[in-house]
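Below is one structure, written out as structure tokens; the observations come after it.
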Amino acid sequence: MNTNLALLLLLAPFLGFLFNIFFGKSIGKTASGVIGTLTVALSFAVTLYFFGQISVSKTPIQIQLFDWIQISNFKVDFGFLLDQLSVLWLLFVTGIGSLIHVYSISYMHDDENMHKFFAYLNLFVFFMITLVIGSNLLVLFIGWEGVGLCSYLLIGFWHKNQDFNDAAKKAFIMNRIGDLGLLIGIFIIGSLFSTLDYATLKTAITGATNLDLYWISIAAFALFIGACGKSAQIPLYTWLPDAMAGPTPVSALIHAATMVTAGIFMITRLNYVFDLAPDVQNIIAIVGAVTSLVAATIALVQTDIKKVLAYSTVSQLGLMFLALGLGAYEVAVFHVITHAFFKACLFLGSGSVIHALHGEQDMRKMGGLKKVMGITFITFLLSSLAISGIPPFSGFFSKDEILMVAFEHNKVLWFIASLASLLTAFYMFRLLYLTFFKEFRGTAEQKSHLHESPSLITFPLIVLAILATVGGLISLPTNSWLNGYLSPLFSKEVHEAHHFGTTEYALMAIAVIAGLVGIGVAYSKYIKQNQVPVEDAEITGFSKVLYNKYYVDEFYNVLFVNSINGLSKFFRDYVETTLSSAVFGLEKIANELAFQGKKLQSGSIGFYLFVFVIGLCTIITYLFLAQ
Amino acid sequence: MNNILNEIGIENYIFLSVILFSIGVFGVLYRRNAIIVFMSIEIMLNAVNLLFVAFSTYHQDAQGQVFVFFSMAVAAAEVAVGLAILVSIFRNLGSIDINNLKNLKG
Amino acid sequence: MNTLIAIIGLGVLCLLFEIFEARKAIIPVTIIGLLAILGLDITDYANPQSYYNNMIIVSKFSAAFSGLFIILTIFLVTLAHKFYQNNQSKISDFIAIKIFLLAGAVAMVSFGNLAMYFLGIEVLSIALYILASSNRLSIKSNEAGLKYFLMGSFASGIILFGICLIYGAMGSFDVTEISELSRSAELPVWFPIGIVLVFIGMLFKIAAVPFHFWAPDVYEGSPALTTALMSTLAKVVAIATLYKLVTIMNADLSGNFQMMIVIVSMASMTVGNIMALRQVNVKRMLAFSGISHAGFMLMTLVSTANAAGTLLYYTSAYALAGIAAFSVILYVCKNNENEDITNFHGLGKTNPLLAAILTAALLSMAGIPIFSGFFAKLFLFNQTIQAGFIALVIVAVVNSIISVGYYFKLILAMYTKESNEVRTATPAVIYIVAVVSIVLNIALGLFPSMVLDLLA
Amino acid sequence: MNVSLILIILLVGAFATYLAGDKLASKVALLFSIASLGFSIVLLNQYNLGENINFINQWINQPNVSFALNADGLAIAMLLLTTALTPIIIYSSFGNEYKNAKSFYALILFMAFAMCGTFLAADGLLYYIFWELALIPIYFIALIWGNGDVEERKKAVVKFFIYTLAGSLFMLVAFIYLYQKAGSFLIQDLYNLNLTASEQLWIFLAFFLAYAIKIPIIPFHTWQANVYQKAPTVGTMLLSGIMLKMGLYSVIRWQLPIAPLAAKEYMYIFIGLGIAGVIYGSIVALRQRDLKKLLAYSSLAHVGLIAAGSYTLTIDGLRGAVLQMIAHGFVVVGLFFASEIIYRRYETRVIAEMGGIRSQAVKFASLFMILVLASVALPTTFNFVGEFTVLYSLSQINVWFAVLGGTTIILGAYYMLKMYQHVMLGETNAKPFADVTFNEATTLVIIVAVLFFFGMYPKPITDLITPSLENIITQINRIN
């Protein structure tokens, strides 16, 4: 029963994919869209069933399908593990997934390859599910690479534009760098514990004494690199902003809600490994904090609406990693969920805006949209408040918990994180004001077509906005349902709802004030003095550095891409030729000898006989007179 | 029995014929005219024949002398062929200088 | 012995046919006669014995090699049919000469007495002088003849001198006696010298470096059929005789002597191969390849323990390939006086079968598996390594790599270049000879024991 | 009923094809190749049933050579690879017109014959003979039916032939030396030899020369790219799909068990060479202008990894190597066929002249994409299974080997996606591009299906090869 349901859960989107690939074009756009949506919705339904079962029974469901890969000291089988974590993840993957599918039906309707778009989306959901419910690291790896592939396909969905293709390629390759790290981690874990299966691994580690901590921390570090690649942390974050080349629903689903959180999922999965590697945890925390700050600063000056959201995603992910690094996995998970809600909502909202403006993404050409696009505006506002950490919106609770944990461990980290959230509030409202308030700055032609998006687009927005608003309820500071629900996962004791003292309240206050300050600054800057960001050419000073993302991309290009290509050219033009000429060299020598030899063959009998006699004498001498 | 050979000593015969043989060899090496080359070769052969006779006396054994006849016959045959070749060369080239025969080389 | 007599009889018969104006019949009769003689030879192989107080000693060795010679002669005579069609009047002479040459060859491998050996070698050589210059009107042919003649008789002189010294030391020409005496204690110094002189004379005959200079010129100058004969029959005879001399006289293979052989064989294969690389005339190229093969064959002498079988195998493989190759060359170069590689352009299209045969022959010479040439080399290397001359084998290996270079030059010419002339109809005999010889070659490759066990 | 029948079928097939004439040649060839495939599947059954399908027969008494064919799991796996790829390759060539087709297809079957022989031979000399025989047909295929300027082609092909021959002749010397020791060429006797360390080193090197050139391992690879580019695609498929595997197979079957001491002693050097090949090949592939050359270098990178895996002397390494051999065989054939499909329409192999094909030929684009992904070892494809196992074995020797070898994951993705982007994507190409024909589609689909099936369920192959690999490992670890 469970097996079949699990298979249904997994294969429904896959069947959708196959159907859309083969028959999508013939059955028409809407139909293919509907089918794609239904398959995901079906998985969502199954997930709900499992959710109920798990939250009642509290016992994970293990499913073995078949042997997959045989290694000398262990074998990897293809199986599923449905426990609290995976089911929780499935909930918002499939839930938000189906919402975004609905959204896309309308959003992508003008695209000739809509059926392919839905096919890819389904494929993505399929791989994401694989990633989440896999019972061992290698099945996770399937999903891990699979979602990477889908993100490649979807970023490059408009494949006639080579820039988009470059972005897609960049995303795939940077992910692959992470994947190598993940693989190395898998290798080390495999050789240390002779298993990749989560359950066995957990017992092996928790049960074992005198573990080889050195190798475990190396493994943990390698795994963390993998997570960096997938979840866009320093130094592997540059692909995510470029990934905005893809259609907006893709950004919402893959690059905000689900795929980019895979790293957090993996680390939470293997929390018992990371608990053994405190150094690595510190690294994670620091990387997370720094990432959140850097990304936030970059987001301050971006003018492309989606770029702002992208950097905000990176920065939020940074906060989650901070939490992970501090061992507060449940907090990270909490923020993942809330973030999924409001960030998906924001992206979809921006999509709705872009849709209304026929593809215009530059905020300098927007404004005053709140009159025509009421629903979009409302939902956008709610989510912005949520992300800025204003109570009682969901973001407040999750972010606040992170800050508290940070404060407990390390004041510096706490400061960085708070600063980041302040900036977050600022740039989010900057975005909001520039987009929806004041007068419309676009062309008259655009102005004439301004309209609120159809219900298929607004419906998901509304749902997500509601979730973004009330999502915080699942883990209230005082009694957290989430912590209780997740507690079986964690080896070490989950620090329970903090006994609330002055510090805690002070921290809360600071956080809220920070958020409000950010909003206030934005308000004064863009409403009071109604500034508009200047044209690219006129950007100067530090803001220019920020606008160009600290020139990290250029740096990487010089350091890696160009050097490798140069090396390749050098190998091709010099090393290869030298090597082959070395082989031909012998041939040349032989030919030269032959040429000289031909002169000896002079044709004169006298000479021939002379050599004859010489040879004779030499032999005689050698044999008889030499002694 | 005391034949002249024991008094002179076989070695001297050997030396003599070696010298003759060498003269022949040098003749072959240094003369251009094909006829003279022939003659030098004949000297070589005859030097050997001489040695044959000497040895056969030395060993008191007739085989050597018989062999001399063999080799003379052979030499005669060779010269017959050789002269024939020479004649045809002379017909074609009008000279028998072996240094002119360098068409085949390389 | 019967073989020898029969052969000479056949030769005389040829001349008689000329007298009785029956030229048409000559070749068929000769072939049939030779086949009969082959039968005789097989009986000889069955019962080895010696005749005329050891003048002739028929042994398995001699019989086996005589068999090979006879088969080669059959091929050559068959080819002659086309080759001499334009000057019918000479045909009987040429055939007869070939037969007598064969007689000399048989005498050379079955001699029991140095006199017999000397006669054999001279009969062979003189016949070759004639054949080399047989194309009276061509200066090339004349020059070839003269060169061969002068140097050949010079070599004969050396050999004769060697024989003489041996006789002087031993007082006998009978090889068995000589070998017995040579085992005894103190020998005059000139005995080994004599051996060496004879040895050098034979090195000249097999065209080993540094006594090889005559070969390319003579091969190029002589008529193609004669070249075929020299490069197959003559070479095989010479090496076989040399082998027999070295074994039967058990000349003390002192370390130095072996070293000398090793050096000569290395030099021969290397010089032969290197020189062949830049040749444009196919006959000349094969001459050099023959030199290198002589070097390979010399490898048998460093370990005479049971090399006879190997030598027989190698020679037959080499000779059969040579016959096949030359039958194609004869066909290709029939109309034009030169034998440059250009004549072979596009043969792969104009006449695929012959092209394939030539390819096979060349691959066999290069020692590519399934052709007997490969196994020949294999057994050779095997023995030489057994004898502990690994360095020699390495050199041989390197050489077989070089050799591929020029063998393939010809193959490439046949398959990648465009033909520059229209081919005339191919005479049947060419096909017959080419196919039969190459089939034999491959058969040897598939069942090497067939030949190896003859002299095991 | 024994393995020799396979060889007979293929040989007879070669002759039959030649006699069938230019019209029917391709069909007949396909027929016989499929027959051989079917028969090798029958053999697989018999083998699994534990019947004796080996064949041995004295051939030459002095020296003692016997016609011994020995089919263990490993050999059968390689046999299946050959007999499965041959029909695919032949079928794929239906889209081309070859002049003098009868010889062409006869040569293909003959080559298959020789390669099967190489995989089956259990006698050193027999093995060597098949090894050399396989060289001749590909030489002529590349020479006569190849493309590009004749002089260039000649140069490349002759270099290839002489180069490979040079390597193998030293192997022959090594075999003769071994024969002197063992008194027979039978592989079992050679296994049982007790050689001193120095002997083993020399023999190991002699073998290595032969295999390093054939596989090829850098720096012995210089023949490869040119020959791949010049040879007709069918020839390239045969070379890269099967013939390279001869070298790798021989490493596992002959080199390692016969000279284990040397293999252990210098393991790091040879693993290093393999990995160097991975990185070097990948980097060179980045900037290739010619599609086939690019694929050639990619295959250099992959075989480098396989070789590294084999030299780890661990069961994982060997198993991974064999799996990767099979996977790579299929994927590389597919990729070269894709290049041929483009060539049939655009008459060019220069990447710069392509682009914008995807929007015209959707089916082809998808199939090509899948092949690209397979070649960069995306999970669920067969290549991932192999590559994962190999990298794991490397990490067991030294984790840095795994890291360096693992760069293939990144670099491979880089050059393959770059290639795909410039070949297929971008603004719609001015020149029209007809989508794949039925023949082309089926060929690619078969390959893709194989890759996915074994990618998800490699167990059958693993179970087939593991016992024989374990034997080889025990051979390697025997006391001496």
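Think of it as A, B, C and D in the order they're written, each chain with its own count starting at 1.
Going forward, contacts are C-beta pairs under 8 Å (C-beta built on N, C-alpha and C of every residue); 3 or more make two chains touch, one makes a residue touch a chain.
These numbers come from a predicted model, not from an experiment.
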| item | value |
| --- | --- |
| Contact-richer chain pair [A-B vs B-C] | B-C |
| Inter-chain centre distance, chain B versus chain D - centres from mean C-alpha coordinates, in Å | 67 |
| Between chain B and chain A, distance of the C-alpha-averaged centres to the nearest whole Å | 99 |
| Chain B and chain C: spacing of chain centres that average the CA atoms, whole Å | 27 |
| Whole-Å gap separating chain C and chain D, where each centre is the average of the chain's CA atoms | 43 |
| Set of chain C residues in contact with two or more other chains | 146-147, 150, 154, 216-217, 405 |
| Residue numbers of chain D (touch at least two other chains) | none |
| Chain A residues counted as touching two or more neighbouring chains | 598, 601, 603, 605, 609 |
| Pairwise chain contacts under the document criterion | A-B, A-C, A-D, B-C, C-D |
| Chain A-facing residues of chain D, complex | 159, 163, 219, 222-223, 225-226, 280, 283-288, 314-316, 319, 356, 358-359, 366, 373, 378-380, 385, 388-389, 391-392, 395-396, 399, 402-403, 406-407, 409-411, 413-414, 417-418, 421, 425-428, 456-459, 462, 466 |
| Chain B-touching residues of chain A, taken from the complex the two chains share | 598, 601-606, 609-610, 613 |
| Complex contacts: residues of chain B adjacent to chain A | 25, 28-30, 32, 98-99, 101-106 |
| Touch list for chain A against partner chain D, complex | 21, 66-72, 78, 138, 141-142, 145-146, 149, 152, 156, 159-160, 162, 165-166, 169, 172-173, 176-177, 179-180, 183-184, 187-188, 190-191, 218, 564-565, 567-569, 571-572, 576, 579-580, 582-584 |
| Touch list for chain C against partner chain A, complex | 146-147, 150-151, 154-155, 158, 189, 192-193, 196-197, 200, 204, 210-211, 213-214, 216-217, 254, 256-257, 260, 271, 274-278, 402, 405 |
